[in-house]
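Next, two complexes with subunit A in common: one pairs it with subunit B, the other with subunit C.
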Partner chain A sequence: MTVKIRFFARFRELLGNDIMMDVDAGTMFAPLITTIAKKNPEGYAAIFDENGAFREFVILMKNGKRIEIADSAKTVVEDGDEIAVFPPVAGG
Partner chain B sequence: MISVQTDDVNVGELMNAAKKQGTGAVVVFNGIVRDDNITEMEIEAYEDVALKELEKIARDATERFRLQHVDIIHRIGRLSVGENLLIIIVAAGHREEAYAGSRFIIEEIKAGVPIWKKELTKDGGRWVPGDHGHGSGKPR
Partner chain C sequence: MVLSQREQERYSRQILLFGKEGQERLKKAHIFIAGAGGLGSPVSIYLAVAGVGTITIVDMDTIDQTNLNRQILHSDRDIGRKKTASAQEKLEEINPDITVNAIDVRIDTANAANLVGNADGIVDAMDNYPIRYLLNDIAIKKSIPLFHGGIRGFYGQATTIIPGATPCLRCIIPKPPPAEVFPAVGVTAGLIGMVQATEVLKYFLGMGELLTGRLMIWDGLQARAEEICVERNPGCEACSGLVTKGITMGENK
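Our next item is the complex of A and B:
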């Protein structure tokens, strides 16, 4: 099954955007992002702390809805999902 | 009109169109790209989600402040100093509701709509820091 991962702003510059990935059934949100972010150490360090946990300010979304960091390790991604990871917003 | 777009709008025309029967006040908030020693500003949005959130903010403001009309236009792409960045136009029966509704909308945009700004300078660029208080590590 295929999911789309979108990073924005600084995270996009470091890790790219609109990444299509084939994943196994049962793949969880947090480990998926960890795997992708590890492709760029600077990108990984921007999103995860030294213990491998999401930094508190990081915002996570699945299909346009926010996911709490506490739930991200037990949130399953499904075929066609759009996953988004981004830093604090700064519009206006 | 609720929109996330590259093109500018005619603020005067929108302001006139905002007047309805019974309107006593129209408040215009026009956010401008400020000259903070930058060459340009790059604005990025998670467009689908940003638009839905702007629409929700407009509905909430309309209900809470009894607004008669709301426009929110947030521009994206590369903008020069002095260009319009964000236009909020609200119409209401009285000034209290119009001012309060306009203020509510801008504060809600700053708090949660997925839009980012990068200030471009002669030496490169810097992302404008957002409010770190609303990450997914903390419930809103």
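Our next item is the complex of A and C:
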């Protein structure tokens, strides 16, 4: 089955635009993002902390619905899912 | 509120768009702009030329050389002056038919509600989340909209928050990104500021559809504007107590 992962803003710069991934049934949200992010150490460090947890400001969405970071390790992805990973910005 | 002959002439091209009645609504409106920097500059300039009758703009900073690549309210000759002094002067020069209150103070929990006073809406032109969250609380308390914007480099985001009808800022961004000296380029501030200012005008005029329930994300490097749907968080520490209501536009007093 295939899912689409969309990174935004700086995450996109580091990890690429829309990424289509073939995944096995039962794949969880957090490990999927970890696998993709590991392709670029800088991208990984932007999204995950030293302990491998999502940085607390990162916004995760699945099909337009928010996934809480706390739930991301136990959220299953399904065929056709669109996943968004987004860093809010602070400047003004 | 009757428009003078001069005002009718000044605004004639936009009166074609929303009529004298719309222009009078703008004249009656009072907007609070938190910050006279990168976002606050384009927002205040364009709301001033559009004829929003009262603009309160608050900032505590002094103009620095490093501000000038994006803070278009201020010029080279203003270096060392207070941003509020420069803002007051420029905005009055741009449009002598509006009232400008530029207040030189740090917005904090003790003064925020008073500073906002009876304004009809708040523009978030801040550069940090602690004060953004405070503005969010005041918008909820006073039941007025918060027009959010944020920038970093070529990236920006914006959304319109109507307390009770839309997610609040804490629903959308519960944890702020870390504080930093953020990279900034004037064009991004200009673009996001224009989204905010357009929302303010639409809200006062009661025209179109607001940027509500959606976070607009601008990627200037790819020239893509996208949006993600956002929802109220039932457990939100700021707005979960609010009764759900619909969006009413043009609610200025």
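As a convention for this text, the second predicted complex is superposed on the first by the 88 of 92 C-alpha atoms of A that agree within 3 Å, B and C clash if a C-alpha of one lies under 4 Å from a C-alpha of the other, contacts with A are read in each partner's own complex, and residues count from 1 in each chain.
By our rule, contacts are C-beta pairs under 8 Å (C-beta built on N, C-alpha and C of every residue); 3 or more make two chains touch, one makes a residue touch a chain.
Owing to the predicted nature of the structure, the values given are computational and were not obtained by experimental measurement.
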Subunit B versus subunit C as contact partner of A:R10, first or second or both or neither: both
First (subunit B), second (subunit C), both or neither touched by A:F54: first
Comparison of subunit B and subunit C by subunit A residues contacted: B
Touched partner set for A:R66, first subunit B, second subunit C, both or neither: both
Which of subunit B and subunit C A:A90 touches, first, second, both or neither: both
Common interface positions of subunit A, toward subunit B and toward subunit C: 8-10, 12, 56-57, 59, 61, 64, 66, 84, 86-92
Complex interface listing, subunit A residues touching subunit B: 6, 8-10, 12, 54-61, 64, 66-70, 72, 84, 86-92
Subunit B - residues contacting subunit A, complex: 31, 43-46, 48-50, 52, 74, 86, 106, 109-118, 127-140
Subunit A partner contacts - residues on subunit C that touch it in the complex: 35, 37-40, 124-129, 149-153, 155-157, 172-173, 175-180, 182-184, 189, 217, 219, 221-222, 226, 228-231, 233
Partner subunit C, residues of subunit A touching it in the complex: 8-10, 12-13, 17, 56-57, 59, 61, 64-66, 84, 86-92
